[in-house]
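The structure appears below as structure tokens.
When the chains are written out, they are named A, B and C in that same order, and each has its own residue count from 1.
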Amino acid sequence: MIRSHLFRLVPLALVAAAASMAPAAAGERETLTIGIIQYPATLNPNIDAMAAKSYVLGMAVRPFTVYDPDWKLVCILCTELPTIDNGRAVPVDLGDGKKGIDLTYTIRADAKWGDGVPVSSEDVLFTYDLGRHPQSAISNAELYRRIIKVSVKDARTFTLHFDKLTFEYAAINDFVLVPAHVERAAFADPAQYRVRTRYATNPTNPGLYNGPYRISEIAAGSHILLERNPHWAGTPGSFPKITLRAIENTAALEANLLSGTIDMIAGEIGLPLDEALAFDKRHGAAFQIVYKPGLAYEHIDLNLDLPALADRRVREALLLGLDRDALTKSLFAGRLPVADSFVSPLDIGYTAEVPRYRHDPARAAALLDAAGWRAQPNGGRRNADGQALSVELMTTAGNRSRELVEQVLQSQWKKLGIDIRIRNQPARVMFGDSLRHRQFQLAMYAWISSPENVPRSILHSSEIPDAANGFVGENLPGYRNPEMDRILEALEIELDADKRKVLWAEAQRLYAIDLPSLPLYFKADAFILPKWLGGIRPTGNQYPTTLWVTEWTAQP
Amino acid sequence: MRLPLALLGVIAAASFAGPVIGTGLGLDPATVDLADRVAGPSATHLLGTDELGRDVLLRLFEGGRISLAIGIAAALAAAAFGTTVGLVAGYLGGWTDRVLMRVTDAIIALPLLPLLIVLAALDLGKLGLPAWLVQSEDISLLRIVTLAALIGWTTAARLVRGATLVTRNRDFVRAARSLGAGVPHILIRHILPNVLAPLVVATSLSVGDVILLESVLSFLGLGIQPPLASWGSMLSNAQELISTAPLLAVYPGAMIFATVIACNLLGDALQRRFDRG
Amino acid sequence: MIRFAAIRLVEIAAVLLLMSFVIYALIGLMPGDPIDLMRSADPRATAADVARLKALQGLDRPLFERYLAWGGHALGGDLGYSRLFAEPVTSALGPRLANSLLLMGTSFVLAFVLALALGIAAARRPDSRLDRAISLFCFAGVSVPTFWLALVLILIFAASLGWFPASGIATAGLGGFRDRLAHLALPVATLTLAGVGGYTRYVRAAMRDALAQDHIRTARAKGASEARVIWRHALRSALVPVTTILALSFGGLVSGALVTETMFAYPGMGKLIFDAVMGNDYNLALAALLLATATTLAGNFAADLAYAWLDPRVSYQ
């Protein structure tokens, strides 16, 4: 009996000792090893949107335009951003009252693929054909749908003719070039492009990459090795080699960092925030840990078709019954800014002048009483028909942070007399089935967006998925407000930045008054870096930190 | 044999008495207390608190109730179904036996984990189960019991079939047959008592196996869903805090270890008892 | 005997056929599809994109039609493309299979050798303190959740002592024999510790039975040395149940060890099967699962044949 207890205690004593020891020293600076929690399934820039893939390709494939760490639109592959002032952007009248825009871009003169072939308009034309083909399995085809045609002026200058004029016209962030001279053979049979693309069959071909690094070795499912691209004309990266190691289990990922097998953990695809905070408390002194709040807006969608939730007083009561400050402070060390509306405080359209709902259980109880939900002696609430106030809360199963938050919410609402039933589903079921068909009551998840992204598909009344329109649209609460529709439509085409700010403020205020969803907070990423690594600027948006890998340095 | 029985008895008694102990201490395993997270042992919380400020000791009791309930229910269900199949196959012989045994072998040959994954991820609504059941909080519990039983019955079936083959040719069975007794009567009154020995051993071993299975499912995210707690899910959740609060993992891990090893020792002791007698 | 073998082979084929349909149907019953996850990951993905991509994968066709199409190709030797890896199924399976055979094979050999040593030692001195200690060790090994064992090993030997790397199959850019060996150390240790208990008990029970038999007593009475008694006489009798576990572990070589592979980020068959099933990669999942099932069935078959050959009292009509 004692022996079997010893079996348990001895290893755990060792563990306790291990946890207090300093981690192994960092290796040579020949190579930087980055730990990530997911291995990219495919490396083709335009197929299968995946955070891990963007992260890897951020070092190897240059996009045209992107939002930088300061959330400003910048040119990466082009020479300058088209604006109406510099003449590169020309609005055109398409007839029928529709306005389009013609944008002329020039590719940088020094841009070359890894085999020395210059990046040219030929690649532009090829990528455009690829994107428009219905069978090529390009994941995000909206951009290509909006381009009516491409006209080429010379080897480096071309014009994109768009069918709609929106204020962010210059952002063609999703237009990522692939090399025509390498990929054309793979596109011979468009339906087979997905499996014949050289990014899958021959990913170490240098001609596929035009960035500071190229992929030189792949161990499928395990690691990717990148080396400096000799044909890169800009500042070279400080590290001759960069390795990315995929370790799915987060506890193992931490152990790898402590043992020195990896040097850093990527922020975008690394440890969840609460685990990073726990790691910080224990081992933070030996590392540099940077927290960057971002654009992912964690919220709870309320299904407005449910009679209980259709009443605005109940929605407000739900929000007042939550102590979001206490939640983010205790679970997330206060690193997550509490949200009052759907725009991040770091975003240009943000306004602080919106109605705020701080924790006020007394007022919440009063609102519920007014709405007809009377408190019962046993702790619940019932309305005049005798129905109990009981709703289902759904989020992605297996996501431990969210499960923790759910249980906190459940207990906070229980104090108000609201019975919450937790019903989690795997992400693919939730997004593919339940949310799409609006079969939910309360759904907790995050919207990912980009800077100044107009939430038309989320808040416009025409975007409510139902059987009639084939379940298209992301307006899951079923929110209908003609005023909000007007604001959203005006926002998209307003070219004047100041007028836009006014519209953004109106939208946020209306959202905070109507409360189609309960705002929770904006998520943050934790970048766990070795002390000797400098120059990393976490972006906080969906464009990965690796796009600026040439700024990273190893300080002695 | 007394040792493992005593151990199991203590664990079971403590777990099922959990609610009473909780009321006595004025605590409850579901109360979230954000101000007092991951605290060490104290006067109010004998084993400290977990990542949401809940009392660890009471969560262990609740976890014990659920883990033990799953283990025992699944083991009994598997035993019941397996015994029926084994008795029928062993007694009737011929084609019935061949078919049943081939099916049993096929199921044993299946790669276990992938099958579990698929079964655990199935949409029960599509299978025709009523909505009130699918949406209840206990559905994850029922799912796991069913899964474990579906996989575990084969061992019992093989054992019982083997023992039935031996028993059916014995004199008292032949005598019963010649007296005109019906097949069910023979199976239940004459054969079953004689095949119980290996069955009991296997069942007690399988309780431990089911508890381990549940912890693997929780590791994969397919196990008991919150807010229910089981030792397996407590252990999986504690992985993340392993460097800050290793004890949160020690407790459920120790409970799993103690229970499973007790089941194994019990089965072993029963085996030796039956071998001798 | 030939008749027996032939019947069994037919039965194996039948089981595989049934299995293929069951697996295809079960994967199809999983709600949603990984393509749906795109909507949450990419703010500009629309429902039209999702529908288009699903159609490209053929997911809008009814399940049975897809199954028959797969079956037709498979019987002709074409296992199709893996949608998860965007390469032919065979080239996705190949390296993973090799990795798993290496990991599982090494662990199994190590566990078996240890089990032989421990089992024989325990059987020779039944009910002694050594016997009881060995028994307890066996029970302990099988009573611990594997992911827990793996984590403890990583924390002790990789994170604090730094003797072995904590994950992967090789160091990027390097990879020599010694490097791969170092990366194998901890995963093999985990699997061996988890498995040795079960095998030891089997060996111990078989050896005890063998040592208690009459011809052993005869050999001893005739003055044979203890070593001779063990090696020549007892072991031969014990071979039957021992061969059985050998053959029954065949399937494990191919189906891998999901939990261990996840903890050590070791790309093997276990993780492949899990990812393929969760990713609705029908082609890959079926190929991998059928391979694992076939190997297990082949192992059972080999066990029965060996059983008949080793023990003259057994015969199959």
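Structure notes:
The definition used in the following text is that contacts are C-beta pairs under 8 Å (C-beta built on N, C-alpha and C of every residue); 3 or more make two chains touch, one makes a residue touch a chain.
Just so you know, these numbers come straight off a predicted model, no measurement behind them.
By count of C-beta pairs in contact, A-C exceeds the other of the chain pairs B-C and A-C. Each chain's centre was taken as the mean of its CA atoms, and the one lying most distant from chain C is A.
The geometric centre of chain A is 41 Å away from that of chain B, both derived from CA atoms. Averaged C-alpha coordinates give centres for chain B and chain C that are 23 Å from one another. Averaged Cα coordinates give chain A a centre that lies 38 Å from the centre of chain C. In chain A, the residues that reach two or more other chains under the touch definition are 4, 7, 12, 15, 19, 249, 251, 258, 426, 429, 433.
For chain B, residues that reach two or more other chains under the stated contact definition are 121, 123, 239, 242, 253, 257, 261. Looking at chain C, one finds that residues 31, 140, 147, 151, 155 touch two or more other chains. The touching residues of chain A, counted against chain B in their complex, run 1, 4-5, 7-8, 12, 15-16, 19, 249-251, 254, 258, 272, 274-275, 278-279, 281-283, 326-327, 329-331, 392, 397-398, 400, 403-404, 406-408, 410-412, 421-424, 426, 429, 433. Against chain A, the residues of chain B that register as touching in their complex are 3, 7, 30-32, 34-35, 37, 51-52, 121, 123, 135, 137, 221, 225-227, 237, 239-244, 246, 250, 253-254, 257-258, 261.
If you check the complex, the residues on chain A that touch chain C are 3-4, 7, 11-12, 14-15, 17-19, 21, 23-24, 31, 33, 41-42, 44, 47-51, 134-135, 137, 139-143, 174, 191, 194-195, 197, 200-201, 217, 219-225, 241, 243, 245-249, 251-252, 255-256, 258-261, 426-433, 436, 445-450, 453, 457, 465, 470-474, 542. Chain contact summary for the complex, chain B toward chain C: residues 102, 105-106, 108-111, 113-115, 117-119, 121-123, 126-127, 208, 212, 215-216, 219-220, 232, 235-236, 239, 242, 249, 253, 256-257, 260-261, 264-265, 268. Taken together, the chain C residues at the contact with chain B in this complex read 11, 15, 18-19, 23, 26-27, 29-31, 135, 139-140, 142-148, 151, 155, 251, 255, 258-259, 270, 273-274, 277-278, 285, 289, 292-293, 296-297, 300.
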